[in-house]
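Labels for the chains are A, B, C and D, by order of writing; each one numbers its residues from 1.
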């Protein structure tokens, strides 16, 4: 096996791995929408989608096909070039992060030394897509949605970085692979236990970063109709949705890597190298959906207040404590 | 005990204070005071001071062609006031002549009267003097006529239809 | 709420566990309509109109008294009749209901002295054109045939003989009525 | 280039940014129908709010002048279509006052039950949409689950789920059967447990509290001045409830409390309505017990008018033979005396008042309907000032408006 792999030229290998990864993630994203609808339905004592395929399993595919066929409406007064490119920015920035996540000890597409920073940078960049789409739509609801989103991303980015910084302090590296290895070597095996505060802060910020309930203000359906993508339709609309779910997957994967011990598990499962990683990922994704089914939505200013007055001080304090312990223990 | 006896004090007071305003006091399903337009605002604000704080309703009635009783004027504006402490209901009817259809606005006393008066203006064409923002409320702003007047037909003929609807029809036909 | 409860997000966890409980242990309440589950409306549900077919003559029971026409708030019933010269009785020529105008108040069946018109419990009817839901006399009679084939016999619509209304208020035919 | 660039560039010439006008509605997901609000915003804060109504105006008051008294009840269904039984009762009370008849006790008890059922179903819909507006979407489904049960009881009672036309002048149309009574009893047994479901999700939830506490605070004096009634007024601490102040139907023989709030904010109004749900449940229970006492009594008054009062306007063509018509035996057709009557009830949304003027003819001369939603919408500008858009959604929710009720 390894002989064959060794014979493949390196660029091709990267391409193959990237292709596998992309398809895997896309599949996950597609079925994440299905899982979300089904799980929320069961929580609300409904049946959920069950028309397309057995138990509605083909629903995501039907959705994608429908959205692909739809007319791509570009309203008259929009800034056309920006309007067209905005969803792509969102999607690419949200999706690229996957390439840095170590899915397995031997499976990571690009093992960057500053992997964590790169993911953070990408997730901040994806806000550009949102802001630009809000601006370019030339609609008031969209503009408000874009404004809300920019404010939200800026304030939550800080708390998230601070939370991750304590992990970096403990591991001593920005490399995600190294973080996982450091975790396995640490006394608790996972950073969740020593860094529970950071984990909490990270999860809340991740909800906010990916515009999920209770922080889904940019697209708050009952207030701004659909927020920044109110003017979009067809496949461009779908791209925004994909970006949101990609964001969820990347954020959860990051949480798994940084706090839950990544691909390491209590025992090795032969033949299924990704199983522990995926299992942890699914638990976190379920959490996202679960929260969505339960909680109401924050108001714009309350959200800002929560970010600046609660989460950032909390993350900072946690960082200091971690640094202190690191120095003197 | 009849309504009149219960409200004896109040009525006596009103008769004394507003001898020229109060025309008639009736005992119907509620105590009813029929009064003249001039001075009606003072009467109502006096009633409000006496505790009738809750303006349940304000509406206009068109009596054109009313057969069973001779009505002195065509329009009436009817106020239903309620005293929350003493649990008393009072009805004040203000007579409004046909060719000079206006009444004093009570928006200064009750904010809720704002929309009631706008609706009354919209439906019956009674102008409320002193109203801060007297526009049509339910009908389109360029509607002609006052729908709740008795001489307004239930079905409009085609040529009398609302201008906006005609324009809409024209635009639809033009698009085809 | 004390400080500890606040820090530990007790009330949020309670809410989360409620939804989890619903997901894991409770059955869904929605139904798979129309493939698996059929909705059976309650007796007296005011659905599609029908004219009762007289089992003896095969024609409608209607005697063209025009009461339903007069009581209908939305004026959706139109009846034409002719008077038989010999017996001096009326015979219905045309009985039309415009179902798109109907508000399903059920006044017509309540007011009908011979229980000729009925709003059946059948509610799943649609049409691609307006004509399909414009009921003429023949269609109304056909509606009745379609409905009564599945209904329990004898069929007695609650509005034909309203419960709790003293019998002396009702016309003779309604008073002695036990169903068709 | 963009519209906003111009706004930012120009401002209003004084260096102050120009306000941002946004059109909320008439097809906005959280305006509960076709309410249109023209908002002037400073950032996200509302500077000015101008509600525009009339998109659902059907001219009920004009139509009623051309229909007879019993037929107008059908119109009343379409006012507040969430709780149409309550509207029926308001109309019938006014007409009964005019005609001078009292329905029998059984009919009054049934009406009370139906009114409270309408209240529960309306409050459940209010809670569902209010929670959904604030983002808690599971509450929405749970409320609908229970409302569905209530509607199916309504279906058994009168054969319709929303537009009941159940109440008649002088009583009700159909008596309750034992099956309905049993079903209702089961509902009342189980319903308090269901309320706990909703409360677990939102009652003490910090996000819910943040979104509702101190939003749209109205003190008692202002609330009366704004004409607010019903739970909105009671949330401000005024115990005004028509059921207690001017009892109608069987409300003078049942026990219940009138819950009031303290601060007059959105949360208090929420609390008041939640308590009212329990009170209504209790009232239904009491009435069901009392129904046993009047077993077998008629549900329509002796002198109640037939559905067919002679109608001048709608004489059908060709004219029916006058002598061959089927006149009800043993009952004289009552004549509506000329005069006027005013009746008001505590509808789920507030005080629903009907003022009817008769000229002795078969149709009302004038039928004025004072609907709670109309007044509540007129209060939105006052309540929304200085709040944010997100709060406006909560305010519309807390006022519990139905546009059919508002526009008539």
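Assorted remarks:
Criterion: contacts are C-beta pairs under 8 Å (C-beta built on N, C-alpha and C of every residue); 3 or more make two chains touch, one makes a residue touch a chain.
Quick caveat: nothing in here was measured; it's all calculated off a predicted structure.
Any chain touching subunit A that also touches subunit C appears here: D.
Chain centre most remote from that of subunit C: A (centre = mean of CA atoms).
Taking the mean of each chain's C-alpha atoms as its centre, the chain lying closest to the overall protein C-alpha centroid is D.
For the pair subunit A and subunit B, the distance between mean C-alpha positions equals 61 Å. We define each chain's centre as the mean of its Cα atoms; on that basis subunit B and subunit D are separated by 23 Å. Subunit A and subunit D have CA centres that are 45 Å apart.
Subunit C has its Cα centroid 41 Å from the Cα centroid of subunit B. Along subunit A, residues 43-46, 293-295 each make contact with two or more other chains.
The set of subunit D residues that touch two or more partner chains comprises 138, 145, 201-202, 205.
With touch defined as above, subunit B holds no residue shared between interfaces to two or more other chains. In this structure, the chains touch in the following pairs: A-C, A-D, B-D, C-D. Of all the residues in subunit A, the ones that touch subunit D in their complex are 40, 43-46, 77, 79, 135, 138, 140-141, 143-144, 213-214, 216-217, 220-225, 293-302. The residues of subunit B lying in touch with subunit D in their complex are 28-30, 53-57, 59, 61-62, 66-69, 78, 80, 84, 87, 89, 91, 110-115, 119, 123, 137-140, 147-148, 152, 154. Within the complex formed with subunit D, the residues of subunit C that make contact are 1, 6, 9, 11-12, 14-15, 18-19, 29, 41-46, 65-67, 69-71, 73-75, 79, 90, 103-107, 110-111, 113, 119, 158-159, 162-166, 168-172. Interface residues of subunit C, counted against subunit A in their complex, comprise 12, 15-16, 18-20, 22-23, 26-30, 32.
Touching subunit C in their complex are the following residues of subunit A: 39, 41-47, 50, 290-291, 293-295.
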